[in-house]
Amino acid sequence: MLPMKMLEENLNHKVSLLLKDNRVFEGSLAGYDEYMNMVLNDAEEIGEETRKKLGLVVIRGSNVVRIVQLDSSGN
Amino acid sequence: MLPMKMLEENLNHKVSLLLKDNRVFEGSLAGYDEYMNMVLNDAEEIGEETRKKLGLVVIRGSNVVRIVQLDSSGN
Amino acid sequence: MLPMKMLEENLNHKVSLLLKDNRVFEGSLAGYDEYMNMVLNDAEEIGEETRKKLGLVVIRGSNVVRIVQLDSSGN
Amino acid sequence: MLPMKMLEENLNHKVSLLLKDNRVFEGSLAGYDEYMNMVLNDAEEIGEETRKKLGLVVIRGSNVVRIVQLDSSGN
Amino acid sequence: MLPMKMLEENLNHKVSLLLKDNRVFEGSLAGYDEYMNMVLNDAEEIGEETRKKLGLVVIRGSNVVRIVQLDSSGN
Amino acid sequence: MLPMKMLEENLNHKVSLLLKDNRVFEGSLAGYDEYMNMVLNDAEEIGEETRKKLGLVVIRGSNVVRIVQLDSSGN
Amino acid sequence: MLPMKMLEENLNHKVSLLLKDNRVFEGSLAGYDEYMNMVLNDAEEIGEETRKKLGLVVIRGSNVVRIVQLDSSGN
């Protein structure tokens, strides 16, 4: 399975993104492109003990370390 | 929704940009290009307890971490 | 043996990835592309004394330092 | 408005450049290219309490974070 | 002698790789590509006073600082 | 004036280069290419209170922050 | 003089390379390519008070800050 295929299969499903600055975002994957730029719907920034609601967010792909599938019904 | 499409839909609407150096800018998205270089109108740099008015600003895309839609009437 | 060939031979076999931020992931290599973006199945993040189960994960290739073959029956 | 268009409209007008190393330069924008390399005329490096005159300067675009229009008569 | 030619001449000979994070790997050069991604056979990670056997390893080229020929019979 | 044009006009004139690691080099600009790689003749590395003569030097463009014209007779 | 031309003229002559991690290597320039990857013969790593003989070495160009000509008979 190509990495982009895994993203495609998780469209409209919940994912967790870890960024290079150690920020973590969770949200529904609304879109992506070939640079791994991603759009998250109903995004939240996850802190040690807090969750901050952000709504619609674009993450620039160059900051992404890791994408975790949170909603395995996507496969 | 492609990331560039989300930017297009937010043209002339208010967005918040988080940069790699942890600076935050808010302003009306006046333009962007394929590198995620962005033009903000009526831009402000948001500090802990301060807001500094900057006016018209270009942000170089390579510094951008995250773009948040602040004005959901854009969708 | 080209580096991409080594990845191909380890498809569906267990590998260990070391990232630039010193995180270590282990999992079954489910896919990769020409940027060394990789999909791991049954992935775990390996800490000093802990293993955290993550499930299906995409690792962005630009963060990868080193890939170690853990299951030599792959060759 | 494309980011490059904003630069074009500010040719021969005063701008402020913030670089990744937190240096700030002000000067008259004498030229630029597609990498956001920029030529400043009568450039000054702006410190906390000092301004150092540098004259004609080229800034390599990869170091640029933000360009602020200081002279709105350019639009 | 082009850099890639030096790599070619050291195929199946022992080399030492220094990475940006100061890790050092030694092993038999089993392959490489145009990005200086490299495959090492019988690789070991060399610490101050330790050697850790890793087996078959891929090193991503963007992390490489320096490649030293350890087995001059390769030329 | 395109940034490359400014470099062309300063060929064989004295310039000062500031690098990302805060090193400063002065010398006569003997050549450059499209990556802003530069050749300096009679180059000196400028420290707080010292000047170290280096002779003929190539600076890799990716390290360059800023180029200052020291000899305005070049224009 | 193009930067690559300066390298060509120093083939088989002694050069000093400064890298981004502040390492310094000296050796006879045996080859180079368009990325400024370089092959050094009889290379030595130069420390504060030590010189460590390394023999044949490839330096990845992305790490190079500065190349100094040590043997001006090359011109």
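First chain written, first letter: the chains are A, B, C, D, E, F and G, and each begins at residue 1.
The rule is short, and it goes like this: a residue touches a chain if its C-beta (ideal position, glycine included) is under 8 Å from a C-beta of that chain, and two chains touch if they have at least 3 such contacts.
Computed from a prediction, not measured in an experiment: that's the story for all the values here.
Chemist: Which chains contact both chain A and chain E?
Modeler: Chains touching both chain A and chain E: C.
Chemist: So, what's the distance in Å between the C-alpha centres of chain F and chain C?
Modeler: 43
Chemist: Would you kindly tell me how far, in whole Å, the mean C-alpha position of chain F lies from that of chain B?
Modeler: Whole-Å distance between the two chain centres: 35.
Chemist: Between chain F and chain G, what is the separation of their C-alpha centroids in Å?
Modeler: Result: the chain centres lie 19 Å from each other.
Chemist: Could you list the positions in chain A whose residues touch two or more of the other chains?
Modeler: 62
Chemist: Circling the ring from chain E via chain G, which chains come up in turn?
Modeler: Moving around the ring in the direction of chain G from chain E, the order is E, G, F, D, B, A, C.
Chemist: Which positions of chain B touch chain A when the two form their complex?
Modeler: It is residues 1-7, 20, 22, 36, 61-62, 64-69, 72, 75 of chain B that touch chain A.
Chemist: Contact residues on chain A for chain B in the complex?
Modeler: So the residues of chain A in touch with chain B come to 19, 21, 23, 25, 30-33, 37-39, 43, 54-60, 62-63.
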